[in-house]
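In the two complexes below, subunit A is the common chain; its partner is subunit B in one and subunit C in the other.
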Partner chain A sequence: MKSTSRLGAWVAIAIGTLYFLLPLIATFEFSLKMNRDGYSFEAYKVVLADPGFQATFGYSTLMAVLTIIVGILLVVPTAYWIQLKLPRLRPLVEFITLLPLVIPAIVIVFGYLKLYNSSSWLPLTGNERATDLLLMCSYVTLALPYLYRSVDAGLRAIDVRTLTEAAESLGASWPSILLQVIFPNVKSAILSGAFLTFAVVIGEFTMASLLGRPAFGPYLQLIGSNRAYEPSALAIIAFMVTWAAMGLIQVFARNARPARKTA
Partner chain B sequence: MSTSPDSLTHRPAPGAGQIRKGLTLSSLNWLGVAPFFLFALLFLILPTTTLMIGAFQDANGHFTLGNIARLFDDNILSAYWISFKVSAASALGGTVIGLALALAAIQGGLPQWIRPTLMTFSGVASNFAGIPLSFAFLATLGRMGLVTVLLRDYADFDLYSTGFSILSFLGLTLTYLYFQIPLMVLIVTPAIDGLRAEWREACESLGGNSVAYWWHIALPILWPSILGSALLLFANAFGAVATAYALTGSSLNIVPILLYAQIRGDVLHDQNLGYALALGMIVVTGLSNAGYIWLRSRAERGRE
Partner chain C sequence: MAYLTINNLHKRFDDHVVVHDFNMHIEQGEFVTFLGPSGCGKTTVLRMIAGFETPTSGRICVGGEDITQQAAQKRGIGMVFQSYALFPNMNVTQNIGFGLKMRKCPADDIKRKVAEVIKLVELSGKENHYPHELSGGQRQRVALARALVVEPRILLLDEPLSALDARIRKNLREQIRDIQRRLGLTTIFVTHDQEEALTMSDRIFVMNQGRVEQEGRAEIVYTEPATEFVARFMGNYNLLGAADTQRLLGLNINGHLAIRPESIHVLDGHSQQDGTLAGTIRQHQLLGNIIRYQIESAGITLQVDRLNRTASDLMPAGTEVRLQISRDDMREVR
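Right, the complex of A and B next:
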């Protein structure tokens, strides 16, 4: 009885491993074949030396960092305030932060184009800087579900009220309560939300493409339709970036646990 | 939540760690959440609402149901149908395979390291969607893909002679499974963890075998979670643009790609029909998400 169920479990894991590793192996193998006379990292050299890669990857990295900063400044005070003063609003705020998972990104950006076109009351698509701002806000929107959930879970794990009252009784102002008491206590939750946001934003295609900004996602698509070996190299690079972001989440989550126990 | 008069005290009892409901709501309190609501209004709610209104207007801004009626044109209806099939197939496959993997890793009696490895990998793979994923599958199952070539050279089997194509319904479904299965693993794991060992022991001590345990105990407890997860996976696939666009270009007529092409180049030659198309997408993903939330709350209530 037991051994047959264990065999079934091994079979399931083996098939799963095969399905998930084959595309990675195939992509990696293909990315090495740019030189006719054998395997080489030529495709990676070509990609990394491409000014288009550097420019778009840099642009998307900057966008991701700005998204994370603005997202944290928006989400942490809100989640804190909801927890401390307005718990009745929690279901509403949770519902709103879930909406970006319900409304497809393409629909949201279509709405932006209708609402903020160059002849509207707030012409955010009028010039490049304004469109960058709109793109960043669209990324903050996409990141809301991940950021809010992770920060809210972090805040629930600490005693927000006691910490706040202790800081207040020592004469701390609101900004210093947030920055010096609350932020450090939910640092690992914020960081895991931030890395997830980075993974989502770095290769995002729909928003950037339809807002016409030179991000990494549209660059990937362009290379994909024009080149043979570079797309595979880019896919491996993108996979490693995602893996790095998820790996860092694990590291911070592991570091946070013992710290919380001793506190 | 009803608010009784004596709960309207401004400060809780000293030392109370619990947050009291129904604090006095001064305008200052509301100011604290104002930036969030302003942001949500500007970048989430207003843009979506304006599309929904546009779906019921003609080019001159008058009320009409004509756009909605045109969603039932053959071309658009078939796009919704293909989208539905791809989403349903990848949701079904993702649910079954993801559940099997999660069960194997958690309850299969495998070595300890399997579970955290599967979880970490699922976190990565569920976020490895979009354009790089389509590159990976082209390198695997495309015409010159590794698996296609290996099958041809060593097994003497020409995958493409069977009518298979990575640009087809089956190809797109196989590709979507790459992020659907890990997503299922991540969302169903807490439910599986909720199955208590005592329940299995109770079943065994009453003479029940493994089949009886799964059929009469585990599945009835798990099914709201399983069905809810399937709905979430469905919505997840229905709204995806990038993977399909990079994989098939415009050759596969699914709704997100039709909408993408419409926004890029106005292929329908009717802006308001585009709004109706978007509204149709929100209705589909909204209904499946509502189903997910309802089933999840049922599952949580059942566990208490």
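Right, the complex of A and C next:
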């Protein structure tokens, strides 16, 4: 009984692994065949040397970093305050932060275009910097579910209320409490949220494309429809970046000192 | 005028009244205890004094200054929590120095004061340990040091010892009391352990359902309970209702009669002394230096304590005895 169920589990894992790995291996193998005479990294050289790649990747990285900063500044104090003073609102806030997963990005973008077009009261789509701002804000929206969930989980792992009160009774101001007591104790949770956000923003296509910004997602799409080998190389690179982000989440999750409620 | 005065304090959560008309006056340097069962509002009163909870009505004054609406940060009232509440990201030195840093104390002063208080709570050698590397007793001493080092006007301790095991608890409570005396610190200590309250306090406030049931010096509260509740809570009183009192002793009272188990004397069953009651031993319980008997008399079971001197003193169940209770040892309570 036991051995058959274990066998079943291994078969399921094997099928799952193949399902994920086969296309990846095939893509990788194909990306190496740019030169007729055997395997080479020629496609990668071409891609990495392309100024378009450098520009769009740099742009998306910058956007991701800004998104993370703004997202943290928005989410950490909010989640903290909800947990401390308004626990009854938590289900509502959780629901709101999940909305971006339910509402397709394209709907959100059309909403933006309608609200902020050049003849509206706040014409954010009028010039490039303003559109960048709008894009960044929409990325923050997209990142909300990931960021809020991980920060909230991190806050739940420490006794927020008592730590806050202990700091208060020692005369700490609110900024000091947030920066010196709360932030350091949810650092690893914030970081894992941040890397998830990074992975999401780097590959995002819909919003960047519809707002007409030179991001990595639209670039991937452009190359994909015009070239043969380079898109495979790009796909592998994008995968590596995402995986690096995931790997870093693991590293930080493991290095986090065991946060104990009673400590 | 007393140092800390609390007048007509009320606290309501939604429609649930948790603290009723709480009044209290504490002198500077006094050590008082809030004693009461779980849920009677001890923590809530303490949190209102600390400024973590706003009273529904009433006034709290320290040194003649009304602090009822003041922010917790500004009150200069130290608090030690049952769960220690040490900052997990800081080591012992940083935890203790936190309050001084918040007060913008110069670094040299912080260093000196932290070193002093570490010596005071006997934590030398643990300066660079993090909270998760310390035992419960050590953590609580860090928490105590952290509250002491900023020289609070009042120190509040909310069941600081209840998460610790018996031996450490005893040790630490002596240490707390000793430090409190040395620093002359006005202190409120919360507990639901009557022994702890009796051994530590100058004065005890026995609380029940959000009210002060009785307040007074420790020995008074113990020997002269004012109400049935206090008699029950301070431990082991025999409490007789009016009907039982009439039947057993032929006395007419209102309320209850409280008799301590050690004030009932057990005489030989053949004793002919006047004013004694016939009784039968039902069972006994060995409590170390005393033996507690359940003795039935006129259908009423009384608890009676006797010193446990030699093994041959033990009276088996079924033994017929006579009981003698002095009128002075009977207390009428509400």
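As a working rule, the second predicted complex is superposed on the first by the 256 of 263 C-alpha atoms of A that agree within 3 Å, B and C clash if a C-alpha of one lies under 4 Å from a C-alpha of the other, contacts with A are read in each partner's own complex, and residues count from 1 in each chain.
Convention: a residue touches a chain if its C-beta (ideal position, glycine included) is under 8 Å from a C-beta of that chain, and two chains touch if they have at least 3 such contacts.
Just so you know, these numbers come straight off a predicted model, no measurement behind them.
K.L.:
May I ask you to decide whether A:150 touches subunit B, subunit C, both, or neither, giving the answer as first, second, both or neither?
P.N.:
A:150 contacts neither subunit B nor subunit C.
K.L.:
For A:162, is the partner it touches subunit B (first), subunit C (second), both, or none of the two (neither)?
P.N.:
Once the two structures are laid over each other on A, A:162 reaches both partners.
K.L.:
Of the partners subunit B and subunit C, which touch A:131 in the superposed model: first, second, both, neither?
P.N.:
In the superposition, A:131 contacts neither subunit B nor subunit C.
K.L.:
Looking at the overlay, does A:60 come into contact with subunit B only (first), subunit C only (second), both, or neither?
P.N.:
A:60 sits against neither subunit B nor subunit C.
K.L.:
Between subunit C and subunit B, which one touches more residues of subunit A when both complexes sit on the common chain A?
P.N.:
B
K.L.:
Check the residue A:115 against both partner chains and state whether it touches subunit B (first), subunit C (second), both, or neither.
P.N.:
first
K.L.:
Considering only touches as defined above, state whether A:171 meets subunit B (first), subunit C (second), both or neither.
P.N.:
second
K.L.:
Which subunit A residues lie in the overlap of the subunit B contact set and the subunit C contact set?
P.N.:
159, 162
K.L.:
Which residues of subunit B touch subunit A in their complex?
P.N.:
1, 12, 16-17, 19, 21-23, 25, 29-30, 32-33, 35-36, 39-40, 42-48, 50-51, 54, 97, 100-101, 103-105, 107-110, 114, 118, 120-121, 123-125, 127-128, 130-140, 145-147, 177-178, 181, 209-210, 235, 238-242, 245-246, 249, 256, 259-260, 263-264, 274-275, 278, 281-282, 285-286, 289, 293
K.L.:
Taking the touch rule as given, give the residues of subunit A at its contact with subunit C in the complex, in rising order.
P.N.:
So the residues of subunit A touching subunit C come out as 158-159, 162-163, 165-173, 176, 180-181, 184-185, 257-263.
K.L.:
Taking the complex as given, what residues does subunit C use to touch subunit A?
P.N.:
50-52, 71-79, 81, 83-89, 98-99, 102-103, 130-132, 139, 143, 146-147, 150, 163
K.L.:
Which of the residues in subunit A end up touching subunit B in this complex?
P.N.:
For this pair, the touching residues of subunit A are 1-2, 5-6, 8-10, 12-13, 16, 19-20, 22-27, 29-31, 74-75, 77-78, 81-89, 93, 96, 98-115, 137-138, 140-141, 144, 159-162, 196, 199-200, 203-206, 210, 217, 220-221, 224-225, 231-232, 234-235, 238-239, 242-243, 245-247, 249-250.
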